[in-house]
Amino acid sequence: MMNEKYKLFLYSAFALILATAPLYLNSYWVDVLNSVGLYAILALSLNIILGDAGLYNMGHAAFFAVGAYTAAYLNTQFGLPILWALPVSGIVAGIAGLLVARPVVHLRGDYLLIVTVGVGEILRIALINDVFGLTGGPNGIFGIDRPVLFGFKIRKPQEFFYLIWGFVAVTIFLFYRLKNSRFGRALDYLREDMTAAEGSGIDTGRYQLYAFMVGAAWAGMAGTLYASKMSIISPESFSFWESVLIFIIVILGGSGNIAGVLLGTFLIIGLPEAFRGFANARMWFFGLAMMLMMIFRTEGILPHRPRVFKSLDRQRP
Amino acid sequence: MSLLSIRNLTKRFGGLTAVNKVSFDVEEGAIVGLIGPNGAGKTTVFNLITGNYRPDEGDILFAGTSIKALRTHKIVSMGIARTFQTIRLFQKVSVLENVLAGRHCRMKAGLVAGMLKTPFEKKEEREALRYCVEELEFVGLKGQESQVADSLSYGNQRLLEIARALASEPKLLILDEPAGGMNEQETEALVGLIGKLKGRGLTILLIEHDMSLVMRACEHLVVLEYGCKIAEGPPETVKNDPKVIEAYLGAD
Amino acid sequence: MEEFFQQLTNGLAVGGIYALIALGYTMVYGVLKLINFAHGDLFTLGAYLGLTLLTSLGLSGHLGTVLGLIVLAIMVTGFVGIAGALLERAAYRPLRDSHRLSAVVSALGASIFLQNTIMLIYGAKNYVYPLDILPRTTLHIFGLPVPLVRILILTASLLLMAGLYLFIQKTRLGTAIRAAAIDQGAAKLMGINVNQVIMIVFLVGPGLGGVAGLMVGLYYGQVNFTMGWVYGLKAFTAAILGGIGNIPGAMVGGLLLGVIEALGAAYISIAWKDAIAFCVLIVILIVRPTGILGERVADKI
Amino acid sequence: MKRFSTLLLAVLFVATGAGISMADTIKIGLMAPLTGSWASEGEEMKNIVNLLADEINANGGLLGQQIEVIAEDDGGDPRTASLAAQRLATQEVIAVIGTYGSSVTEASQAIYDDFSILQVANGSTAIRLTEKGLKYFFRTSPRDDEQGRVAAQTIKGLGFGKVAILHDNTSYAKGLAEETKGLLEKTSNSIVFFDALTPGERDYTAILTKMKAANPDVVFFTGYYPELGLILRQKMEMAWNVPFIGGDATNNPDLVKIAGAKAAEGYYFLSPPVPQDLAFAKSKDFLKAYKAKYGSYPGSIWAVLSGDGFLTITEGVKAAKTTDPEKLAEFLHAGTQKVSGLTGKIAFNTKGDRVGEVYRVYRIDAEGKFILQDK
C-alpha cells in the first residue's frame, strides 16, 4: 500500500504522544485517559465478538461485571493480590461467556441481541439482590486493594495510566496477531457467510463460542483493573447503558478494525468529558455528535478493510 | 467399493418429498453428472451429502463410513468439498483469503498459537499460503490474489469457488452448476479444468444444465425427476432413454 | 385464586401499554430491519406534548371529555409522527444502505439527543398530569375490582392494533408497506415509492408510541424525561418475544410480557421480576428462535 | 469528512474554552448529578448553592474574596463521579459539596482525600462512608442507622404490629429497610413482607396486590417519592386502606402532585424538618429568595442539605479565618462551632457525621400539606 510508511509513522507518533501524556496532562485528563484505556480493552474484547465474528452482543458489561466481582471477592475475602486475580477473573469470565453463548449463539442477529441484553440485566439484578450473599447487594464490594507491581503500590492516576495502557498495548499486540491468524480468518468467514464458512470446512459453532470466550475473558480482566482502580464496585457500574456504550464504540469506531475501535473509544469516552463545559447540555451535544459521526461515516470512522498479505510475492512459486 | 454410495435417500419438506428413495454410487476417480429438470431435487441431494440437510430416510456412505449424521465441516475434513449453485464466496474478503478458508481444515494452529505467533504457526501459515497460491494458479486466477472477491467476473468467481474447494484437498469434489453464468469461452476452459482435475485423481460429482458440457465431461449420469431417479448410465445410453427425453421435453 | 386473577388483570393492563409501544417498534423494524432505539424517547415526547397541549389549551368545554381526549390524542399522534418522520429523514435515511448496526448506533444517538432535548426544554423534574381527567370508577368483574381506565386502555390498544392490522392487510398503502418490507428493491421496480412508504411507517409507528405516552401520562399521572428508556426496552423485548416485524406478534408479546412480570412478581419475587421476564424470553427464544409468531426463515442454499 | 472534522474541532474548542476561571477567588466545587436519572436533584442542588454563593458575593464575599462555584456533573454513576472528582481536584477548589447517592459519593471520597480537599456530602446516608476515618469527609445528611432508629420508634409509637417493608434496591433504601427490619424484629413487631420494587416503572399494582395478600397493619416504604406517588394512587384505586410510612426520600411536594391529595392523605414520613417549618430567619429568607429567583420552592430535602453543605464550608472559613482545608477540617471535627444552616444548627462529630436530633415525623393532611407531628 502507498501509505504503509505514513501509517506506521502516524501510529508511532500517536503512541509516543500517549506514552508521555502523564508528563504534560493534569491528573484529571490522565484519569480521563485511564477511563478511555479501560473502555478500549472492553471495546477491543467486544470487537472480537461483534466486529470479527459478527455476533450481536449488547450485554458485554455482564462479563466485565463477572471479572470485576470475581477479583473483588477473591481480594477482599481471601486477600488474593489484585494482579494475581487478573488471570483468575479472566478465566471465570471466559467460562461465563461460554456458558451464556452455548444455548443461544445460533440465534439470528437481533434475537441474539435481546438475549444478551437479557443476560446482562439478569446478572445486574442478581448483583443487586446479593445473589448467594457474594456480591454485597446494591452497596457492592468495597475496600478492594490497589495493585502492587514488583513491590510498588499503584495509587495515583499517573501510575494507573501505565498499568492500564500497558494492558491495552498487550491486548492490541495479541489481538492484532490473532486477527491475522487462522483463528482470526475463521471469524471473518463466519461473519461474512455462515453457510459458506461451514461448507469450506470451518467449525462455525465452535468458533462462535471461542469468540465469546475470548471476548468475555478479556472483558473480565478489564473488570479486574476497574475494580482495583475504583477500589469499590457496585451494580450500577455494570448497567445496560455500559453495554450499550461499548457496543456504540465498536460500531462507531469501525467494527473489526482495531485502530478504529481505539479511535471510537477516544471519541465516545472522551467527548462527554470534553463537553463538560456545556454543563447539563453535555449529553445533548454527545447524542448529536453521535448521530452526525454516523451520518458522515456510515461504516464507522475507520471501516474494516480486507487483509493485505505483504509476503505474497515471496510466496509465488 | 465405491467412494460415495447413496442408499435409498429420502428428504421431505413438509408435505413435499424433494428426494425420494434415491440410490446411486460414485466410483473413485469417476466424473459423474447429476441431471434433471428444474426442481428435480438435485441440489437437495447435494445438500444432503454435504450435511446441510439431514435425510429423513436412507444413508450416505463415504469410503464405507456413514456420514449422514455428521456436520458439514466434519464432512469437508473427511474429503468432500463443494461449490454452490448461487455463488457463496466471502464477498468482502480477498481472493487469497477465500482460498485460505478451504485450507482451514488442514491447518492446526489455534487461539494461543495465533496470539503468540509460534514458529509452528508461522511455518504452517507460510505453507498454507503457498498451497493456496498454487491452487489459484491451477484454476487460472494467478495474479488476482489481493483482489476483493466481489470484484471478480462471474466466471472467475465460479473458478474461485473451485479453488477454495480444492484447498481442502478433497477426494470428492461436488460442483453445483459450475458453468452457470459462464460464456462459451469460459465453459470451454472449465471443461479443460475438469479434465485436469481428473488428472489429479479427483472424483467429481456435478450438477449441470449445459448438456454439451455434461456429455463431454461426464462418464456416468444419474437422472432425477420429481425427486426420483429415473435413469442412470453412460451419457450415450441416458441420452436416448425415452423416460429422460419425456422428462426434459415434457409428456404432453 | 382471586389474587391470581387480580395479578392477571394487572399484567394485562401493563402489557397493553407495552404492546402499544411494541407496535411502533415492530412496524419500523418490519420495513427497515432497524431497531429504533429512539422509539422510547418518542414515547416520552408524546407524554410531554400531551401534557403541554392539555395545560395550554385545556380540554375544550364544548367538546366534552371524550371528544376532547380524542382530539388531544390525534394531535399528539400527529406531532410525534412528524417528529418520527423528521428523525427518519435526518438520522436514518443517510444510513439506509450501510451496515445495519450503523443505523442502530445512530438511533442510540438520537435517543440520547431526544432525551436530553426534553430535559433541556422542560427541566429534569417530574411532571404531573392533571388528576381527574379520566374517570376513577372501579368496575367489579366476577368480584374482581378492575379500574375502568385499565379496561379502556387495553381496549384502546386492541383497537389500535386491529386498525393497524387492517390497514396493513387490506389497504393499498398497507400492501405497499408489506411489499417494501419483503424486498425494497423489488418494490421499487414495481413502482412503489419506497421513500414515501418508509415515511408513512415513520409517521404511524412513532405516532402510536406518542399516543402510548399520552395514555401513560393520563393514567399514571407522572412523567419524566427518562421514562422512555425503560418502556422502550420493555417494548423491544415484547416485540422480539412475539416475533419482531409481526404486528399481532407485538400485541401477543406485549400482553405476555406484562403477564409474566405480574405473575413472576406475585409468585416468585418482586425484586427478581425483570430477571424472570428475561429468563422466560430466553427460554422461549431457545425453543422458538424467531419469537412466538415470528416466521421461521430457512437459509436458502 | 472535512466538514465533519471542522465541526468537531469547533465543538471541542467551545467545550474546553468554557471553563476559564477568574483569579483571586475562593473556589468551591459542587459535584452533582446534572444529567441522568437524578438530574432533577442535581438541578436543585446547583440552584441552591448558586443562590447562596450569590448572596455572599453580593455582601462582599468571603474573607474579602469572591466565591466561585464550580459545578461538575457526576451523572449519578460512580465512574463519572471519579472523573468529576479528579477534574475538581485539578481546579484548586478548597472544598466540594456533594453528592447525592452513597456509592457515587464513595467513588469520589478517596480522590478528595488524596488531594486534601474538604468534602461535604449532602445525600449520602450509607453508614460506612464515615466509618473509614477519612479526615476531610463530612456530611450534612443523617445516617441510615439514625433514620432506622426513628422509623422503628415511630412504627411502634403509632401502635402497628404487622409491618410490610418495601424498598427499591438502591443502597440507601435497602440500607434503611434492613436497619429498620433488624430493629423491629428485636421487638414484638413481625415483618410480614420484605421485598424491592424496580424504580422508574409506572405500574406497581402487582406489588400492591402481593403486599395486600400479606395483610400488614402498615407499610414502611424506604424508596423515593416518584414511585411512592404512583403507589399511593394505585393503592387508592385498589380500595386498599392500609397506612403508609416512608423515609426521608419521599419528602418532596411533588409527591402530592403525583398521588393526588386524596391518595396522599394520611401518609406519614420521617425527614429532617422541611425548610418551611424552621423558625430560623435564615431559612425563611432563603426560601423567599429561592422562590423569587426560580419560581418555586425547592422540592428535595437532599438538595436543601447541599445548601447546608455550602454554609458549613463558608461559615467554617469565616470562623476559622482560613481556607486551608486541613485547619478547616480540624475546626469542623472539633464540633465547637455551631453553624446555622437551612435545616437547623449544624455541628459534626469526629467521624464527620452531623450531630443532633434531625428527624421529625410528618403527616400529609387532606389538602396535601405536610404537617409536623408532635413527638
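Note that the chains take the letters A, B, C and D in the order they are written out, and that residue 1 is the start of every chain.
In this text, a contact is a pair of C-beta atoms (placed from the backbone, for glycine too) under 8 Å apart; a residue touches a chain by one contact, two chains touch by 3 or more.
In this text, all values refer to a predicted model and were calculated from it rather than measured experimentally.
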Neighbouring chains shared between chain C and chain D, ordered by label: A
Centrality ranking, top chain (CA atoms only): A
Most remote chain, CA-based centroid, reference being chain D: B
Separation of mean Cα positions, chain D and chain B [Å, integer]: 72
Whole-Å separation of chain centres (CA-atom averages), chain A against chain B: 41
Mean-CA-position distance for chain D and chain A (Å): 35
Chain A-chain C separation of Cα centroids, rounded to whole Å: 32
Chain B residues counted as touching two or more neighbouring chains: 52, 84, 88
Overlap residues in chain A, where contacts from two or more other chains coincide: 128-129, 195, 280, 283, 289
Two or more partner chains touched - positions in chain C: 116, 119, 124, 271, 274, 301
Contact footprint of chain A on chain D as seen in their complex: 1, 3-4, 7-8, 11-12, 14-19, 34-35, 39, 42-43, 71-73, 76-80, 82-83, 86-87, 89-90, 102-103, 106-107, 110, 114, 126, 128, 169-171, 174-175, 196
Contact set on chain C toward chain A in their complex: 29, 35, 90-91, 94-95, 97-106, 108-117, 119-120, 124, 233, 236-237, 240, 244, 271-272, 274-275, 278-279, 281-282, 285-286, 289-291, 297, 299, 301
Chain A residues touching chain B - in the complex, by the definition given at the top: 174-175, 177-178, 181-186, 188-189, 192-193, 195-205, 210, 214, 304, 306-309, 311-312, 315-317
Chain A contact footprint on chain B (complex, rising order): 50, 52, 71-74, 76-77, 81-82, 84, 88-94, 96-97, 100-102, 104-105, 107, 109-111, 113-117, 121, 124-126, 128-130, 133-134, 137, 145-146, 148, 164-165, 168
Complex interface listing, chain A residues touching chain C: 56, 103-104, 106-111, 113-115, 117-119, 121-122, 125-126, 128-129, 194-195, 240, 244, 247-248, 251-252, 255, 280-281, 283-284, 286-291, 294-295, 298-300
